[in-house]
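Reading through the structure tokens given below for one structure.
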Amino acid sequence: MSSSDRVLNAGVLGATGTVGQRFIVLLSQNPMFRIHSLGASERSAGKAYRLATKWKMSDLIPEAIKDVLVKPCDPSQFSGCDVVFSGLDASVAGEIEKAFFEADFAVFSNAKNYRMIPNVPLCVPVVNTDHYALVASQRAERGLKKGFIVTNSNCSTSGLVVPLKALQDKFGPLRRVMVTTLQAISGAGYPGVASLDILDNIVPLIAGEEPKMEAEVMKILGGVTTDASACAPLTDLRVSATCNRVPVLDGHTECVSLEFAGAPPSIEEIKQCLREYTCEAQSLGCYSAPKQVIQLAEQEDRPQPRLDRNAGDGMSVTVGRIRECPVFHVKFTLLVHNTVLGAAGASILNAEYAAKKGYL
Amino acid sequence: MSSSDRVLNAGVLGATGTVGQRFIVLLSQNPMFRIHSLGASERSAGKAYRLATKWKMSDLIPEAIKDVLVKPCDPSQFSGCDVVFSGLDASVAGEIEKAFFEADFAVFSNAKNYRMIPNVPLCVPVVNTDHYALVASQRAERGLKKGFIVTNSNCSTSGLVVPLKALQDKFGPLRRVMVTTLQAISGAGYPGVASLDILDNIVPLIAGEEPKMEAEVMKILGGVTTDASACAPLTDLRVSATCNRVPVLDGHTECVSLEFAGAPPSIEEIKQCLREYTCEAQSLGCYSAPKQVIQLAEQEDRPQPRLDRNAGDGMSVTVGRIRECPVFHVKFTLLVHNTVLGAAGASILNAEYAAKKGYL
Amino acid sequence: MSSSDRVLNAGVLGATGTVGQRFIVLLSQNPMFRIHSLGASERSAGKAYRLATKWKMSDLIPEAIKDVLVKPCDPSQFSGCDVVFSGLDASVAGEIEKAFFEADFAVFSNAKNYRMIPNVPLCVPVVNTDHYALVASQRAERGLKKGFIVTNSNCSTSGLVVPLKALQDKFGPLRRVMVTTLQAISGAGYPGVASLDILDNIVPLIAGEEPKMEAEVMKILGGVTTDASACAPLTDLRVSATCNRVPVLDGHTECVSLEFAGAPPSIEEIKQCLREYTCEAQSLGCYSAPKQVIQLAEQEDRPQPRLDRNAGDGMSVTVGRIRECPVFHVKFTLLVHNTVLGAAGASILNAEYAAKKGYL
Amino acid sequence: MSSSDRVLNAGVLGATGTVGQRFIVLLSQNPMFRIHSLGASERSAGKAYRLATKWKMSDLIPEAIKDVLVKPCDPSQFSGCDVVFSGLDASVAGEIEKAFFEADFAVFSNAKNYRMIPNVPLCVPVVNTDHYALVASQRAERGLKKGFIVTNSNCSTSGLVVPLKALQDKFGPLRRVMVTTLQAISGAGYPGVASLDILDNIVPLIAGEEPKMEAEVMKILGGVTTDASACAPLTDLRVSATCNRVPVLDGHTECVSLEFAGAPPSIEEIKQCLREYTCEAQSLGCYSAPKQVIQLAEQEDRPQPRLDRNAGDGMSVTVGRIRECPVFHVKFTLLVHNTVLGAAGASILNAEYAAKKGYL
């Protein structure tokens, strides 16, 4: 029986944090997974989940999870798990994820630590699942049978690369991309952004976000080497990102201008390209794959985070205001749900894809 | 006795609206002007000001103004006024401002109606007071003795042109400018933006704002023809604006990337240039001229609207995050108080300048 | 076949407003109803629904509804409807609802116009469905066969009466109730509250709300006369309401202190009473009846509108902070979803109840 | 020369926190004081103030303070100070304030630690400066010459007691007071309330606030024993407080219902009483005393925090919506600036009063 036909046991590392909470909400509704083990810091270990976490989701804590005892993030405690999702903070993710990976677990991580390692897929599941080809190299390197690590991207990156990938596939390489983001507070975790910093305010800096976003785009939109031993990031594209924090709960808005390397398509051709874009996770019938990868906003004052962030249950990217740019070729505004496609949802769809393709 | 030595009688058109309220707050604290007459719609005319307006400023209604009777916006009612400020809505400003102008009044308008007329100064008072040279042409055209009209720019334009002007003066022409704005709700007047549209939300469109901003920059950064009969907008600069509404009360944040036509200066040279920029309104000793036209933010996560909008009593532009742009030459973030330098404050400083230069 | 066994055709009056939009979202997910006709103003009539409305819900417009043509609110256009839901504004609801009622339609109204008419049930469906006894009187008065009108209460009332009813049923009459509300902006419709009025602000007045709330509580918690010809409001209870508007999208928070007429129960007895409260709509198996009418908040800093408003899909009331009051007997804080149990959801459950009981 | 005729040297303890920042803003504008020494934690000591603090005020850091070196909070470092203001956190205030007091400093504290000590004045300076009579007892107890400690109240208490005092003085004792607060986030300091907890939300609990408020009212509205050795709190008043956190930056709104012990005055008499209320700090000509202790809101939908919090430069309390209560005698809504009259401003006016009366 292939792993895609049975329910997989899932472990969640960092289960008490905001990304961990989102993992739990999404996994509880997902027929491909059963939550098997919850891991958190030593401080939480041994407590019932509902007592160990400060729940901040609008969805209630799933009944079945409330009294699950939290474990320490130690691979020996997670035997029985077919897959491990990590919502760990970067400060601890490096060591713990490595331990699970070396203990032959399939790890799907939301942390930044291993994203830029050449043979680790940095995978937005509606964009570059072809990077799974790197898994064999990982296993060979460490002599593993089942273990590997797949990371998902920064939340703001995950929105941007979706239309860029669609356009690049259809109209050839891009030359220059300028993006300004308006990012939701949930991207900073809990307690995260102080209310005194963001009520009636904008914070025009998210430390480290801009270079991260610029580098991740190059890797995701690139390919892998012919021997599948490393990723092969783009080299000719130039990306400039400016990142702002805004008083919005969920949903990153991104204003994008771009220039094609070759002759630009018309606005109508661009719209059609985005509307028709599909990905392999859809054709494989993955549960979390959105019906429509890119939704075009029907109204000219959309997308808006409050109204559009749940498009495709948070797994679609909504694109609107597609128009000519007086400086580059085209401008548009996109919206991505930063904790779904931008975080936990991406990891889960990455795992579904892995199951369908026999990696689990 | 020159007009700059005596207190000038000021009329305010559209006195009950949000721009009108800001005019009243600022004029009440300004030693160069005495509020003489308040004009509003027929519905308000005849009422005491405090009953005619729905006051929304944090500053209280000035005591001396509370019981002033509102007049209709008819030039015959404003005799005795040395200067007329217009905070009228564009839907009525065209006709009314024309009537005052033709009745030989000096009109300082915040409305968009006459901004793009070739011999009407579109004047950000810390940037292009040299456009006052057009006044003679206006008077000649209509056979007026004292009357003329000076407009100030759109609120988002007024912030952008300040550093652009400083850089252009010092380092020569700019080639390309990309700007994404995060604009405060007060820019839309009252009732303006519905709370259901902006709480926990971003609106990625401000109707008509982007082309207006792109065109105004060209006029303001340009000069006037040698016979001073018309403005001479720039032709070689390309500007692309993307405008968003955000849940902030006052203060427009703008993320700017730009490319010089020639070799770019260093980041340090740019900082020094901005810091040292001065304007004629300062050297004339105009009351509302800020001590520092451009304030450089000292902290890397600034400017922030809540903390920086009142820099220079709202008449300074704060610039921060000055850094190299991976796509163009330089990127920075600026903040302008949209109802002070971006609206009423600009009109008032324009009038102070006019007084000092003998136009009143 | 009884009406409770078949899908009922529903008309929605005022379909383009915020309450109308909520009716459409809820009815689209409700197996007991099929949306048959949408009515709105003459201005909207004849247009496809998606073009006639300015959709503000986070849920997308149901596909099946997008292109339904909007009708004028004229009974002759609604033949085929088994039930008519009214989300009309009070300014027009009086005349239109009367026309439908007299044309023998069963009308479930969210408007205030007929709430205080003695033989019109003012019905919070988890509280006082016994008031349906008044329907016969309505029909007799006008010689109707099927027509009647049932109103639901003001949104803030609908939350308050639920725990009061539970306590009154169990521990006998209440003597005094003091309530201070913190009401969400969605209660004011669209455009409703201006953002300049509510960002970083509280508005301590909701015009007309306090006396409405005080009077509605008396009617709902009272009974009907023995001949079922009129309601019999309480006379001995005294209620004092203070209503504030706060910057929250959905969910009214209410701080309640109360005094029993007799000896007060203990805090533990009160908690148990609230937890165990059930209503007839539940036992009849109505689709929209919440599993738990009153949810007790488990954490001491709850209920919170963002986290708890969707309890029971918006049909439960969440009560927390139950403690002794130094002045009265007991204090607590409750939360009600103002546009679900507080508006459209109540109307729909009222109609489900009517169907189950054979009124339709 | 009396201390009221010369500029006093002021020390500020906890200078880098939010209350400390407010002290610095207010003292910088106050002609009676000169900032002499700034104290903070060991971590900050030795740094320039602008580097030691994370400045969050809308007013800029005063130029004269920017480069002042921060000291540790040790009395030996504060010689030369005539008065010491404490904005320390309660976790450290107990020990440090005691050290200063015992070292013969006059300490004005915003912390809660000593508020309920019988011979420590808990003084809202527009309400109960008669409690300064306790100072002699403090000095006698410790054999001090100049030292004493005066505390100001909790921020929400400071608003409530002002109208209560006015009414009690004029119409005799109160019997019962019910108050529900809507408190600003600045009351929780920085970082304080997480934005994820308060955007689109209400938090219906402020830990420890309700009993604190209830007890402080009793002490402040009471007197002192005839031998001036202890305060004599009220015993017959009953107060019930419910405290909520709301998404407002500054300004606590409080909804109050009250019952007089005797026959109630009319609403008009109450308005007149509040309007005419004066305090000794006014008649002494203290710089920070507001012109009007209680401002009556002129519009029925006021007070509103954004519009009214700066009344009297934050030292006035604004009262509106004065009306009969169906349960008690009268209801009204008040607003107090929680970091001015509710914190630093109260301490400063307390010190001004002490100077005028010869306590310094």
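Labels A, B, C and D are assigned to the chains in the order they are written; within every chain, residues are numbered from 1.
Rule of thumb we're sticking to: contacts are C-beta pairs under 8 Å (C-beta built on N, C-alpha and C of every residue); 3 or more make two chains touch, one makes a residue touch a chain.
Heads up on the chains, UniProt names are A, B, C, D = Aspartate-semialdehyde dehydrogenase.
A quick note: this is a predicted structure, and the numbers were derived from the prediction, not measured.
Of the two interfaces, B-D and B-C, the higher number of touching C-beta pairs belongs to B-C.
With centres defined by CA atoms alone, the chain at the far end from chain B is C.
The distance from the centre of chain A to the centre of chain B, with each centre set as the mean of the Cα atoms, comes to 43 Å. Between the CA-based centres of chain B and chain D the separation comes to 40 Å, rounded to the whole angstrom.
The centroid of the Cα atoms in chain B and the matching centroid in chain C are 49 Å apart. Multi-chain contact residues of chain A (touching two or more other chains): 56, 197, 199-200, 247-249, 306-307. Interface of chain D with chain C (complex): residues 176-178, 180, 182, 197, 199-205, 214, 238-240, 242, 244, 246-249, 253, 255, 257, 300-307, 320-321, 325-328, 331, 333. For chain D in complex with chain B, the touching residues are 50, 55-60, 199-200, 249, 298, 306-307, 310-311. Note for the complex: chain B touches chain C at residues 18, 56, 185-186, 190-200, 247-249.
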